[in-house]
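In this document, chain identifiers A, B, C and D correspond to the written order of the chains, with residue numbering beginning at 1 in each.
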Amino acid sequence: MENLIALLIAAPLLGAAVLLCGGRRLDAVGHWIGTVLAAVSFVIGVVLFADLLGRSADDRTLTQHLWSWIPVEGFKADVAFQLDQLSMTFVLLITGVGSLIHLYSVGYMEHDERRRRFFGYLNLFLAAMLLLVLADNYLLLYVGWEGVGLASYLLIGFWQHKPSAATAAKKAFLVNRVGDMGLSIAVMLMFTTFGTFAFAPLLGTQEEPGIAGDASEGTLTGIALLLLLAACGKSAQVPLQSWLGDAMEGPTPVSALIHAATMVTAGVYLIVRSGAIFNAAPDAQLVVTVVGAVTLLFGAIVGCAKDDIKKALAGSTMSQIGYMVLAAGLGPIGYVWAIMHLVTHGFFKAGLFLGAGSVMHGMNDEVDMRRYGGLRKYMPITFVTFGLGYLAIIGFPGLSGFFSKDKIIEAAFAKGGTEGWILGGAALLGAAITAYYMTRVMLMTFFGEKRWQPDADGHEPHPHESPRSMTIPMIVLAFGSVFAGAFFTIGDRFLNWLEPVTGDDHGHSPLSATTVTLATMVVLVVGVAIAYGQYGRRPVPVVAPRGSMLTRAARRDLLQDDFNHVVLVRGGEHLTRSLVYVDHTLVDGVVNGTAASVGGLSGRMRRVQNGFVRSYAVSMFGGAAILIAATLLMRAV
Amino acid sequence: MSAVAVHSLWTTAADPISKIDAPKFEYGQMSPTLIVVGAAIVGVLVEAFVPRKFRYYAQVFVSAVALAAAFAAVVALAADGYGTTKARIAAMGAIAVDGPALFLQGTILLAGLVGLFTFAERRLDPAAHGNRVDSFAAQAASVPGSDSEKAAVKAGFTTTEVFPLLLFAVAGMLIFPAANDLLTLFVALEVFSLPLYLMCALARRKRLMSQEAAVKYFLLGAFASAFTLFGIALLYGYAGSVTYAKIAQVVDGTVTTVDPALVDTMGNDALLLIGAAMIVMGLLFKVGAVPFHMWTPDVYQGAPTPVTGFMAAATKVAAFGALLRILYVVLPGLRWDWRPVMWGVAVVTMLGGAIVAITQTDIKRMLAYSSIAHAGFILAGVIATTPDGVSSVLFYLAAYSFVTIGAFAVVTLVRDAGGEATHLSKWAGLGRRSPLVAAVFAVFLLAFAGIPLTSGFAGKFAVFKAAAEGGAAPLVVIGVISSAIAAFFYIRVIVLMFFSEPSPEGPTVAVPSPLTTTAIGVGVAVTLVLGVAPQYFLDLASQAGVFVR
Amino acid sequence: MSFPLLTATAVLPAIGAVATAAVPAAKRDAAKWLALLVSLATLVLAVVVLVRFDPDGARYQLTESHAWIKDFGVRYELGVDGIGAVLVALTALLIPFIVLAGWHDADPMETGSRRWRPTQGFFALILAVEAMVILSFEATDVFLFYIFFEAMLIPMYFLIGGFGDRAHEHGEEVASTQRSYAAVKFLLYNLVGGLIMLAAVIGLYVVAGNFSLQEIAEARANGSLDMATDTERWLFLGFFFAFAVKAPLWPLHTWLPNAMGEATAPVAVLITAVVDKVGTFAMLRFCLQLFPEASKWATPVILVLALISIIYGALLAVGQRDIKRLVAYASISHFGFIILGIFAMTSQGQSGATLYMVNHGISTAALMLVAGFLISRRGSRLIADYGGVQKVAPVLAGTFLIGGLATLSLPGLAPFVSEFLVLVGTFARYPAIGIIATFGIVLAALYTLVLYQRTMTGPVKTEVAKMPDLRARELVVVAPLVVLLIFLGVYPKPVTDIVNPAVQQTMSDVQKKDPQPEVEAAK
Amino acid sequence: MNPVNYLYLAALLFTIGATGVLIRRNAIVVFMCIELMLNACNLAFVAFSRMHGNLDGQIIAFFTMVVAAAEVVVGLAIIVSLFRTRHSASVDDASLMKL
């Protein structure tokens, strides 16, 4: 069985290789090759899943060792995989949603002459992402980690002729690199501390814990924080969140797959996977929770102000991942719920993005929600699927989001003490805002009267429902976003499934579950109501009103980019420019100066050679005198 | 009383003649010098009696044969073991026949032979009135630009006297490093100097400069030799003798019997030190060491290029030979006095030569300054005062002389309307015009710069190694620095030749006769062989490294 | 005695060089093909060397030893350890690509005299450099090494100064002056370094009495030859200075951007991917083996300088407007990593450094050669003159991107392995330095992606609109390099297996042990 | 009379000659000064010879005269040719080559 693991990765990797090297002759079939291989990977995943289910709970870890990667004295890194419940969950999510979005893209990218390459990149992403979750050591995970970064770079910048896209791609890669730096240093620290960075010896299992605990808490906190830095980069958490909004420059399926469902959640995977380390570093965990809480509010606020539908959803993604990170920071109480929210979010957020894509598809790629309105009549399927996703994300009772998010809020309170109250409060507030901005999106897009106008080159958009290949995935995902939560929760299926890996801990919540649920309901209603008051009852202005200070700040991602620009970009430019100057004038100047001075000396010395015999004679005479004097002197001393 | 008795009151009978024993003279061991001197005299007779149009050939033939024969003689002597086991003092203590002497004589003779080829070259200058002409004045006595000169040129005169002059100079140089008493040293000095003075004045083109060079060289040379002579006098006064061995004994204080008459002078160190200093100064003048170097650039530039090449090579060899012998045979007891001084001279010579060369614009002057720098490097080896020091210097001299002659031979090839185009700007883009000549010259320059796989590197390594072993590490460092500086201007010429665009009115490269070609070829060959496989010659040098006293 | 394999690897290109130079002016293409064949044959020999080399065998293998210059205590001694063998292979591997990439770089523009044969000269010089570089990797006699270390400057000098990019933006006149400036700068820097080393070489002879690396190293090891501390330090500095100029290490680096900027792309690759490796290689082989104590004494300073090189080089790369100069500064940054790995004195660091030399060679070759193809199409080196190339020449852009990703050491490509090893090796002993060095990877991403964005993406500039994509010859050059980058990225074991034993020996030379993991140390 | 005095005289003459070389312009005079220096040497030789009571010094003096004579021949030839060319025997005029 375990030999199948490699195939999971091999299939999409093969696809990427074939599609990228195949050349134009594959243009006709390229997209199908890509889709099929993604599906193959999914099927393999299902087979493995079935196999795992067939085993006893404590025996659900498969490993496969391929080859010794970097064998150096005292240093061992292998290409080997580990498939346990956690990675299995991700495999299914990645390959499943991935296949759907491949299918969706077939229609969405129909008119793009570089569709083959697009599918090549998508496959490349799948392979990298699977490598990330299947690696059995941190270094190999790092390969996948940067691999998905590369794929995301290529896909965000897929429309490279657009400078904005190219810039966004570069920005995404760079910000991620900062995070990656954290990961690589973390790996180094692990190596110097434990002499290894493989999961099994390091993290161990619930029964026999690994050597992670043996190190001093200081070291562990260091490792944990470095891992958190990495997670922040990949999962767009404050302070490294700035790239996600711009990443929406990429084609919408990319936003759905990479920047909503899978890649951006890699950070959560990393933290949960490294649970053994975090559990032993409470300070680090606190930081994690804080980052999560801040980000979930940050994202939510940003989401409220955006008129670009994708950017609004991006803000929402940021915020939802904030929930997951918060949960992951809570330790064993939260790990399971973090992952569960991750999965459900994978469903409904992907669905929402696909819906947005479908809307744009019908609206000549118009993204400004102020130019939508009343679309429910024109694209009913999109409307329904999108609506279900909407209900799920705001946590409408019974739908996926309700279960997962509720559990997280509960766990946040369960942290206990002031921290518990603060975190829980933040989570609740976040829920309210989520309800607000999602309702806003919903209303501006599908309700009210139509507000669209001819675009630059005079085409009046003709909103229409998207082709089958696009709607089917939306429908499937809608199912997911409706039922997944309930399915997971009833009988604690999800808990029991993951518990052997993540451990479990109910903690003692100051508030009863029902209280929390009620509170959630209340804030939900409030949020929806406010939104309805603003956008449901009166017409939406086509030109955005100036808005309050906060609104304007939020439109600019709460000025975080401006900060980056002023401090990092400008500062960096000045630094490099001055260094170039220094290199030329100082470092080079010293050398050239020396040469020049020798030359000058030469010029002065050759004037002695003035052509007059008698002065030559003088020098000889003087020389003789010196010679004699010196000789006598030598004897004297 | 008897007449005889009376007569004996105011006369005494002189000793019978037989009591003055006839000078003993080892012709065999002196043969190299004798052959050359003899040939020189023959050359004079040739000038006197052979009709003009045959003279050139006769002279070239005589000189070539003589030099070759002399070289053969040297080789024979060396093979006979005179360099090592049978080393001895010949000619009643006047001449030393030992390793260094033979090695240097061999080098000088080869240099002379190769130099002779460049002297005899007659293809470079365009033929005047159908007469082949060489680099020497048609008639040295006629005033430049005068009718008599034109007439001489028209008549196709050539100064074939240069060949005997060359031979005389060579003869003097052969004796110079072998001289075993100060008188012989002085006479040899003059014997090879005077012909050189004359030859400097004999250029066919740019005669004013040529004559000026001669005057400068002559006056300064005479000035210097006066110093030498006075130094000799002082040493004579110090030791009561001019033979090296005796002086050395006195210096070491190992003299057997002190003649009571000499007590007030003998061992008077003031005499010794001043005298030694003055003699050494005279030799430093010949090798062109700072601050006695100032004649070098002017003379090198003004003299006919073949003469310059010969002079630059052979004079250095001879003078360094003599210097070595003086310092190692006569004054070893004094080394704690002269070593520091020589240190100073070596340092200023290396640096001075290298630095001033940077800003030169005339190829011949540049080579002159480079030769000064090289004199400094060689001095570093001299200072070592170890057998390795001697052999390294010998090797360096051999290597250096061929590079020099070759380089100047190449200079004779690059010509424009005014004769040789020695201004550096004229050499721009030579590599494009005639890659071969440029490449050859580049080889010589690289050898000067001491790039590995050329003889220059082997030599430099040898002397620096010797110096370092002799405990002169700082000198090595300075030497390295100055060779770095020196590298700069050699490189500059290469850049000029290969990387800059040739100027349309640039010089032409004359196609030489086999003579010059041979000279250059030998130069290149020696440069590369000594660079790649120096071991055999190093062996020669180190076998030859021991002076007889 | 057995067949002198190592000599053959050097003699073959040497003969090839002479033969190529001798090809008559008219038969230009013959010269090219001859050079290509010779370089390929050399590659075959180098592969044989690799095969014949037994990682578990003696330290130096395939040794040859003949008397050469007795008086200088010099022997003609060749031998390769794992590191040398790998680098010989790298050299032999890259030369064919360089020759092929430079196929048209030396077609004469103006006709000098009949005898002016630039093309023959160009390829002959490349082969000459190959011969000398290979010999300096194989020499186990310090003097022998020095000879070729110095001598290779001359052909390099002519390659840099004699051949430049076509259609220079300022016209040929300016170009030639800039070229000769760059060439002279290159030569003087390295010559000064070499001469200072010469002083040290002489000093070594005075101290040790011979030049045989093994004899001296043994004598040092068993104490029969003990140098005064000061002597050892001075000698070390003399050697290190020369290697630091060659490597190049900040602040001795300024010749590299000029040289790589003015030379044609293949020559630039020759400089940075082949010739400069001699410097880092020599640090590993000579500095550490001959002067272990002094090396340890100097380590702190050297590490700091290496660190400066890494950050400084990267920052300046960001600030460049000229594609080739950018790559040059990137290389300076990378050489910083190599030196860091060497002097961290850990197994990982030194294996990483050796691996880094190989990978950097390949990745720079890939990036620089593609850049050269790009420049040859547009006739400008300025980044600003490009834009949107990806649209018109996707393959070119793709390979360029891969080269760039290799330069920023993306995991999965070869350079990542070596860079991580160097970093982890450094971190193990000097955590602070390791961390600061890690910033280099962010900067690397910055300059690479900025370069790619400015040249390849965005709207298509009119000047590049007609730009043809990679031709067959160019693909033949690039494709193998890309394959190698990926292969060595996922399976570097073949190289590390050869390198590791040599590294262990070096470690024992300097008597250093790898630091223990904290946890085990605690137990 | 103490022969040492002759040495002082010789030294004096030598110095005079040297100074003359340094200060006089006319090549002929300069040359004469050099001859003076040589003569000073001769005097020193003879004086030493007298002090040591051996003949070497006197013999050397004869050699020196011969050499000096030869030098005169060569020197005058050169100087005269220069004079004929430039119509001046001033050594300062002959400074074409410098720097």
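Observations on the model:
The criterion applied here is as follows: contacts are C-beta pairs under 8 Å (C-beta built on N, C-alpha and C of every residue); 3 or more make two chains touch, one makes a residue touch a chain.
Here is each chain with its UniProt name: A = NADH-quinone oxidoreductase subunit L; B = NADH-quinone oxidoreductase subunit N; C = NADH-quinone oxidoreductase subunit M; D = NADH-quinone oxidoreductase subunit K.
Not measured: the values here are computed from a predicted model.
Common neighbours of chain A and chain B under the contact rule above are C, D. Looking at which of A-D and A-C shares more C-beta pairs in contact, the answer is the pair A-C.
Chain-level centrality, scored on Cα centres against the all-protein Cα centre, points to C.
Centre to centre, using the average C-alpha position, chain A and chain D are separated by 97 Å. If each chain is reduced to the centroid of its CA atoms, chain C and chain D end up 65 Å from each other.
We define each chain's centre as the mean of its Cα atoms; on that basis chain A and chain C are separated by 37 Å.
One finds 46 Å separating the Cα centroids of chain B and chain C.
Those residues of chain C in touch with two or more other chains are numbered 188.
For chain D, residues touching at least two other chains, in rising order: 18, 21, 30, 91, 94-98. Counting only residues that touch two or more partner chains, chain A has 595, 606, 609, 611, 613, 617. Going by the touch rule set out above, the chain pairs that meet are A-B, A-C, A-D, B-C, B-D. Interface residues of chain A facing chain C in the complex, by the touch rule stated above, are 20, 67-75, 79, 139, 142-143, 145-147, 150, 153, 157, 160-161, 163, 165-167, 170, 173-174, 177-178, 180-181, 184-185, 187-189, 191-196, 211, 214-216, 219, 572, 575-577, 579-580, 583, 587-588, 591, 595.
Against chain B, in their complex, chain A makes its touches with residues 595, 598-599, 601-603, 605-606, 608-609, 611, 613, 615-617, 619-620, 622-624, 626-628, 630-632, 634-635.
Chain contact summary for the complex, chain D toward chain A: residues 18, 21-23, 25, 30, 91-92, 94-99. Here chain B touches chain D in the complex through residues 140-141, 143-144, 183, 186-187, 190, 194, 197-198, 201, 207-209, 211-216, 218-219, 222-223, 226-227, 229-230, 232-234, 236-237, 240-242, 259, 261-262, 264-265, 297-298, 301-302, 365, going by the rule given at the top. Listing the residues of chain A that touch chain D in their complex gives 606-607, 609-614, 617-618, 621.
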